Amino acid sequence: MKSVLAVLTVVAGIIGIWYLACVPMNIKGVLDAAERAGTEVVPATARERRDASALGLVANNSFAISSTWSVDRPRLPAPHQVAVELWQTTVEKKITSKRSLIYHAQVTLSATLFGFALGTGLGILLAVGIVHSRVMDMSVMPWAIVSQTIPIIALAPMIIVVLYSIGVQGLLPKAIIAAYLSFFPVVVGMVKGLRSPDHMQLDLMRTYGATGGQVFWKLRLPSSMPYLFASLKIGIAASLVGAIVGELPTGAVAGLGARLLAGSYYGQTVQIWSALFGAAILAGLLVALLGLIERLLLRRMGVRT
Amino acid sequence: ADEVKLQLKWVTQAQFAGYYVALDKGFYSDEDLDVTILPGGPDIAPTQVIAGGGADVTVEWMPAALAAREKGLPLVNIAQPFKSSGMMLTCWKDTGIAEPSDLADRTLGVWFFGNEFPFMSWMGKLGISTEGKGAEGVEVLKQGFNVDPLLQRQADCISTMTYNEYWQVIDAGVTEDELVTFKYEDQGVATLEDGLYVIEENLSDPEFVNKMERFVRASMKGWKYAEENPDEAAEIVLDNDASGAQTETHQKRMMGEIAKLTSGSNGALDPADYQRTVDTLLTGGSDPVITKTPEGAWTHAITDAALN
Amino acid sequence: MNMQMNPQVDSANDSTQVQPVIEARDLNLVFGAGDTSVQALKDINLNINKGEFVSFIGPSGCGKTTFLRCIAALETPTGGSLAVNGMTPEQARLNRAYGYVFQAAGLYPWRTIAKNIKLPLEIMGFSRAEQDRRVAEVLELVELSGFGGKFPWQLSGGMQQRASIARALAFDADLLLMDEPFGALDEIVRDHLNEQLLKLWARTDKTIGFVTHSIPEAVYLSTKIVVMSPRPGRIHEVIESPLPKERPLDIRDTPEFIEIAHRVREGLRAGHGDD
Amino acid sequence: MALVVLALLVWAAGWWVNARLANGQHAHSRAVGLAVPAIFGLTLLLMWELLVRGLQVPMVILPAPSLIAARFAGSLPILWQDFSQTILKGALGGYLIGCCAAVLIAILVDRSDFLRRGLLPVGNFVAALPIVGTAPILVMWFGFDWHSKAAVVVVMVFFPMLVNTVAGLREATEMQRDLMHTYAASYWQALLKLRLPAALPFIFNGLKISTTLALVGAIVAEFFGSPTVGMGFRISTSVGQLALDMVWAEIVVAALAGSLFYGLIALMEASLTFWHPSQRG
Amino acid sequence: MNMQMNPQVDSANDSTQVQPVIEARDLNLVFGAGDTSVQALKDINLNINKGEFVSFIGPSGCGKTTFLRCIAALETPTGGSLAVNGMTPEQARLNRAYGYVFQAAGLYPWRTIAKNIKLPLEIMGFSRAEQDRRVAEVLELVELSGFGGKFPWQLSGGMQQRASIARALAFDADLLLMDEPFGALDEIVRDHLNEQLLKLWARTDKTIGFVTHSIPEAVYLSTKIVVMSPRPGRIHEVIESPLPKERPLDIRDTPEFIEIAHRVREGLRAGHGDD
C-alpha cells in the first residue's frame, strides 16, 4: 500500500515535469503555426526563432503556452495526448482492426513468446552444458559475452535475409532475433543457479551414491529456480525488444515495431509514444506474469515469501 | 499456379499500387501466377534479398541495381513501369536558397542505404564537395525515415519524393510558398526509379522467362488500371497495409502523383532514359557510383513478349 | 576408577575374529601440490568396531572432517589404506553403507521435512509404500511426527537438525558419520539432542563416528574419544571412556566424568602447540 | 562438399584439443584460460570460412572471414573515424554521463525510503522502453551528431545502473551498519567508509551490463539519423551498397571494442573489489 | 564456601555514592505491534557498577542481544528507564562511551586489519599519528602484531575475532559490550581468548557486558552472571561469582567453579520451561 502511494507520487511528479517540459519543447512549432495563422509573434520569422532559446521564446510569447499541450506533431506530446491515443487505439478500436494497438501488441507478443521459448530453451541447454562440461564452460562463456556486444539491429536485416533465402519467413525470423537477445541472461542466471548448491548439498548426494541425472533433477534444478526466474524476467523484456527490432526490417508489416516505425515515418510523435508505452506496458505485464508464476511455483516449493 | 515472390523497395504504399491492384483484381491469377508481395523497409536491401534467393523479382532503383551489378550481383532490368523520377530536394525558402548554386555551405538531409547515388552524382556535377561545410562544400546528414530534420530546422534542405515526403511537409502545416524544390528531373540528373529486376542467370531458364512475361503483363495491367482508377487503387493499397498507419487522403494523393510518373511508360525500358542514367552515374564526381559502362544490364526480351 | 588408557592406537595385529567397521592403516592425505600443499592427515591408524560410539575432537583444522570424509569416500587418501566393512570406502559408498550428518542440517528448502527424508529413499529406489513407512518410522524416532508436511524454515534449528538425523537414519545404514551435528545449537537444545542420540544408539546398536568441538559432549556421548592434533593432522591420543551405556545428563557432574574431561582437555592442549 | 566435411573435421579437432586442455593438469593456469576460448573462436572462424566456400554462399549474403579481414585491414582509417565518432564520443560520453548521474541519483534516492519505493518500479518501466522507439525521438531532440547518440546511451544505461547502485547501497549488513552506529558516525562517514565500498560489487555489475548496452545503443541510434560518419551509419549504408565485408568489419570493431571495454571494467572490478568472495574464486 | 547468592536484582534503593555504569529500571521492550508483537524484554532491573564483568546467559531468544543493544542505543526501549553513565543511552552513544563487539567479527573485508582498527579512530577524528600509535598498541594487546597489513579473509576465524576486539578497544572506551564474541570459535582458541580477555580486564579496569551461550565461559569470566529466561525475556536470576580476579584456566576443575556452573545450569533449566 505504501509502495503504491510512493509510485503514484513519483508518477505524479514525472507527469508534472513532463507537462512543464512540453512548453519549451513545442514552443517553436506552435509559434510557426501561429505566425502562419497571422498572429503576431516575437521574433517574427521562423529563421530568427531557430537560433533563439526556447525559454526566451516562451517568455516573449506566453499566450502560446496552452497550445503547446495540444500540438498535432509535437516534439514532445503532452501526457494526456499519449493517454488519449492509447485509449483510442486499445479500447475504442476493434481488436481485429489494423489500427488497434492490441492487434499489433498481439502480433509482437507471439514473436516475443516464441523467441523467448527458443532463447530460454537454448539458454538452459547451454547452461546445463557449461555446468557439466569444463570445455564448454571455458570456451563458450567468453563468446557468449562477445555475442552481446554485437549490435543486433545491424544483424537483424541480414538474419532476415539469410532466413528468407532458405525460405523461412513470418514469425520465425523475428523470434530468432528475440531469442538472440534473451538467451544470454538465461545462460548467465542459469549457470549461477545450477552452481548454487553448496558443497554440502552436493556431498549429501554423493553419500547417497546418486547418479548425475539424479543430482541434476533433485538438487541442481530445484535450487536454480530463483535464479532462473530472475533471469527469465530480464530475458522476456529483452525478447520483446528483439521482436520489435525484428519487425523493423521485415517491411514493418504489423506489430508494435511497425507502429513505431510508421509513426516515425509519418512524424506521428503521439503514435510513437503510445506504441512505446504500449511496449513498456506489455513488458511490465509479461514480467508481472512471470513473477506470478514464480510466486506460485516457489510457494509450492516451500520458499518463504 | 507458378509461384512468384516480389520484393518491394519500401513499405506498402501507393508507390506500388500496380502490383497490389494486379494481385487484388486477379490479374496475376488470370496469368496462372501465385504472387507473394514482400513489403520492404528501412533496413531491407532488395538487392540482398534477391541475391539470397528470397525473391524472384524486385522493385529497385537503377543506381542501386547498377552498383550491385558492379559488386558482382548481375541484376537485369526486365521492365520499367516508372518513366520519370520523383526525387527532389526540398528547402526552406527563408534560408535564401533559390537555385542549385546556393546549396553550398548548407546542411542537407540525404537518404543513404543505396539511395544516395543520385544525390552524389548531382553534387559531383555541381562541383560541390560532400565532405563538410565550406564555400565549396555541404554538410550531409543521413536523413532518417521522416521529414523532421526539415521541420525542426536541423537541415536546410532534405530529400523528398514528389509523391510522399513532400506532402508530409505540407501536411505538417507548411505552405507551398515557404518551400523551394529542386526536382532531379529538372536538374538533368534524373535516374530511373522503381524498375523490375531479376538475376541474370535465371533468364537462361525458359520457364522462368515465361513466368516473368506473364508477371510483367499482369503487373502492367495493374498499373494501367491504377492510373485509370486512382481512388480504387489507393483503397486496395490501404487494404493491404497491415500496419494500419497509412491514411486515405495521403494514399489517394500519392496515387495521383505516382500516376504522373508512370504515364509515358508502357513497361518497356526506354534505352535513352537508361543511357541518361548511366551517364549521370558515371560522372559522379570523385567517387562515381559506377566506374565503367555496364553491359547487359537490361533486356527487352520480357517486355517484348509480354506487351505484344 | 574403572578406566583404561590407550595412548597407542589399536595395533593392526590383534585382529580378532570380528571384522572392524573401519580400519585405517598409515592413512595420509595431502591437499594440493607443491608449495601450497597441506598435509591434512598424517599416519592415521585406527580401528572402530561394531557398536562403538567414537568421538573425534581436536582444534580447528586438525583433520577431523577430512577423516570422516575419507571414510565416506568424499575425499581420496593419498597414502595408506582404509577399509569400511572390509571394502574400499568407494565400494562402501556405492553400497550405501553409511548415513552422513553434516554440521548444518542442510535440508533442501524446497522439500518438506517428509520429502527431505524421502530423498535418499527415492535415490536408492525404495518403493513408494516403503518410503512412506520409513519416513513415518524415523520421524517418530526423532520425535517429529506431525511435522512431516512442514518446510524446513518452519522448524526451529534443533528440529531441523533432528530432521537431518532422521534423513541419515531413514535407509538404515549400520554406520552413522556425524560431523559436528550440534555445533550450531544452543546448549539446552544440544543437551536434549545428545540425550536422544545416546538413546537411539543404545537401542539400535549402530556404529557412530562423531566429530565435535565440545569436550563435555565428546565425553558424554562416546565409548572412545580420539584426540587429534593439527599441522599435520595426527591422532594425538585415544581415550576409552569407562562410563556406562546408560548416561543421565547429570552424569556430567560426577568426578569420573570430570576426570575424563580433564584428560581430554590436557590432551587437546598438549596437541595444540602454538596458536 | 569436401570443404564441408573438412569444416566438421576442424570442429572435431578443435573440440578435442580444448577437451585435452580443459581437463588437463594446467587447466587452471592463465594461459589455458585464454587458449581455450581462443581455440574455440578460431575453430568457429575456420568453419565459417570453409562452410561459406564449400556451400558457395554468395558474398552479399555472408562474406568469408578472410574477405572481412582483408576489408578490415584495408579500411583502417575509415574504421578509426567511425570508431571515434560512435564509440569514443557517443558511447563513452553517454556511458560516463549516464553512470555518474545514476550513482548520484541513487545516493539521493537512497536517503528516502519513499522515493526509492516510488522510483524503482517507474525506473523498471522506463528501462523497458525499446531503444528503437526512443532513438528517433532523441535524434529529433538532440540533433544528428553524437549528442543524440550519447543521449540514447544515457537513457539505456541509467536505469540498470540506478537499480544496481540502489541495491548495492543496501548491501551493507545490519551488523556493519550497527557498527557505524556505535561509533556515532555521521551520514557521510557511513556512506564513504561503509555503504559505498560495500556497494562496489553491485556498482561494477551495473557498469559491466552497461558497457554492452552503451555500444549497442550508440550504434543503433545512428540508424535513425547521423552525420556521414559512424559505425551505425557505415553499417546501414554498406548494407544498401551490398558491401557486406564492410558491414562485418564494423561488427568486428564493435565486438572488439565491446570485449575490450567489458574486459577493462572487469579488470577494474578485480582490482577494486578484490576482497569480495566472488573475486576470490 | 565464600559465595553470595542474590536471586533478587540489586534494588534501586541502595544507591551508593558511586554511580552505576548501567542502571536499568523496569525496562521493557516490545517488538512490533498488534498480533505479531514480541515482548523481547520484560521488567528488567539491573545495575552494573564500574569494573564489573557481567555475563548474560540464557536460551536462544531470551533477549540477551536485545538488552545489550538497548545499552548501546541500537534499540529503543518501549518502557522503563535505562541510564548509561548517568546519561541516556543515545547521549552515551554520541559520547562514544562504549566499544561493541558483535558475534561475528564483522570486519570490513575491503580494509586491512590495521585499517579496520583505524576505522573508529578515523571517524572520531584522531590524528594520523595517534591512529598509528593506537593501532600498534591494540594489535600488540591481542597478539596480532605483524598482521596489520593482512586482509580479514587472510586470517583464521580466531584471529579475526581478536582483531574485532582490538577494534573495539582502540578508542579506549570504559565500557565494553560483547555479544557472543567467541561463539564461532573452537574450544581451545576460545579458552585462550577467554584468558586474554580476563587479563585485559584485570589490567584496565574496564566494565564489561558479555553475552554467551556457554556456561563454563560465563562462570570463568564473570563477577556476575545474569541468567535470563525467554517469552517474555526476563532476568531469571543474578548469580555473583566468588572466584578471585586471578583465574588460571584450570580453576574450571575446582569444586567452587563446578558448583557455580551447576547452579547456572539449574537456573537455565528452570527458566527454560518448555521446548
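By written order: A, B, C, D and E. Residues from 1 in each chain.
The criterion applied here is as follows: a contact is a pair of C-beta atoms (placed from the backbone, for glycine too) under 8 Å apart; a residue touches a chain by one contact, two chains touch by 3 or more.
Predicted model only: the values in this text are computed from it and were never measured.
Visitor: Could you tell me which chains are in contact with subunit B and with subunit D alike?
Guide: Both-contact set = A.
Visitor: Any chains in contact with both subunit D and subunit E?
Guide: none
Visitor: Using the mean of all protein Cα atoms as the middle point, what chain has its own Cα mean nearest that point?
Guide: D
Visitor: Given the contact rule stated at the top, which pair of chains has the most C-beta pairs in contact?
Guide: Top-ranked chain pair by contact count is A-D.
Visitor: Based only on mean CA positions, could you tell me how far subunit B sits from subunit E in angstrom?
Guide: Each chain reduced to its C-alpha mean, subunit B and subunit E end up 86 Å apart.
Visitor: Go ahead and note the Å separation of the Cα centroids belonging to subunit A and subunit D.
Guide: Whole-Å distance between the two chain centres: 18.
Visitor: Rounded to the nearest whole Å, what is the centre-to-centre distance of subunit B and subunit C, using the mean of the C-alpha atoms as each centre?
Guide: Centre-to-centre distance between subunit B and subunit C: 85 Å.
Visitor: Roughly how many whole angstrom separate the Cα centroids of subunit C and subunit E?
Guide: About 34 Å, centre to centre.
Visitor: Of all the residues in subunit C, which ones touch at least 2 other chains?
Guide: In subunit C, nothing touches at least two other chains.
Visitor: Listing for subunit A: what residues touch at least two other chains?
Guide: As it turns out, subunit A has residues touching two or more other chains at 75, 153, 157-158, 161-162, 165, 248, 264.
Visitor: List, in ascending order, every residue of subunit B touching at least 2 other chains.
Guide: Residues 42-43, 45, 48, 52, 144-146, 148, 152.
Visitor: Pull out all the chain pairs that touch, please.
Guide: Every touching chain pair, ordered by label, is A-B, A-C, A-D, B-D, C-E, D-E.
Visitor: What does subunit D use to touch subunit B in their complex?
Guide: Per the stated touch rule, the residues are 58-61, 136, 139-140, 143-144, 222-228, 233, 236-237, 239-244.
Visitor: Touching residues of subunit E toward subunit D in the complex: what are they?
Guide: Interface residues on the subunit E side: 69, 72-74, 93-96, 98-100, 102, 104, 106, 108-110, 119-120, 122-124, 151-153.
Visitor: Please output the residues of subunit E touching subunit C within their complex, sorted ascending.
Guide: Against subunit C, subunit E makes touches at 59-60, 156-158, 185-189, 192, 213-215, 253, 258, 262, 268-269, 272, 275.
Visitor: With touch defined as at the start, can you tell me which subunit A residues reach subunit B in the complex?
Guide: So the residues of subunit A in touch with subunit B come to 29, 32-33, 36, 45-47, 50, 72-73, 75, 97-100, 103-104, 153, 156-158, 160-162, 164-165, 169, 248-254, 258-259, 261-268, 271.
Visitor: Taking the complex as given, what residues does subunit D use to touch subunit E?
Guide: For this pair, the touching residues of subunit D are 173, 175-176, 178-185, 189, 193-194, 197-198, 200, 273, 275-277, 280.
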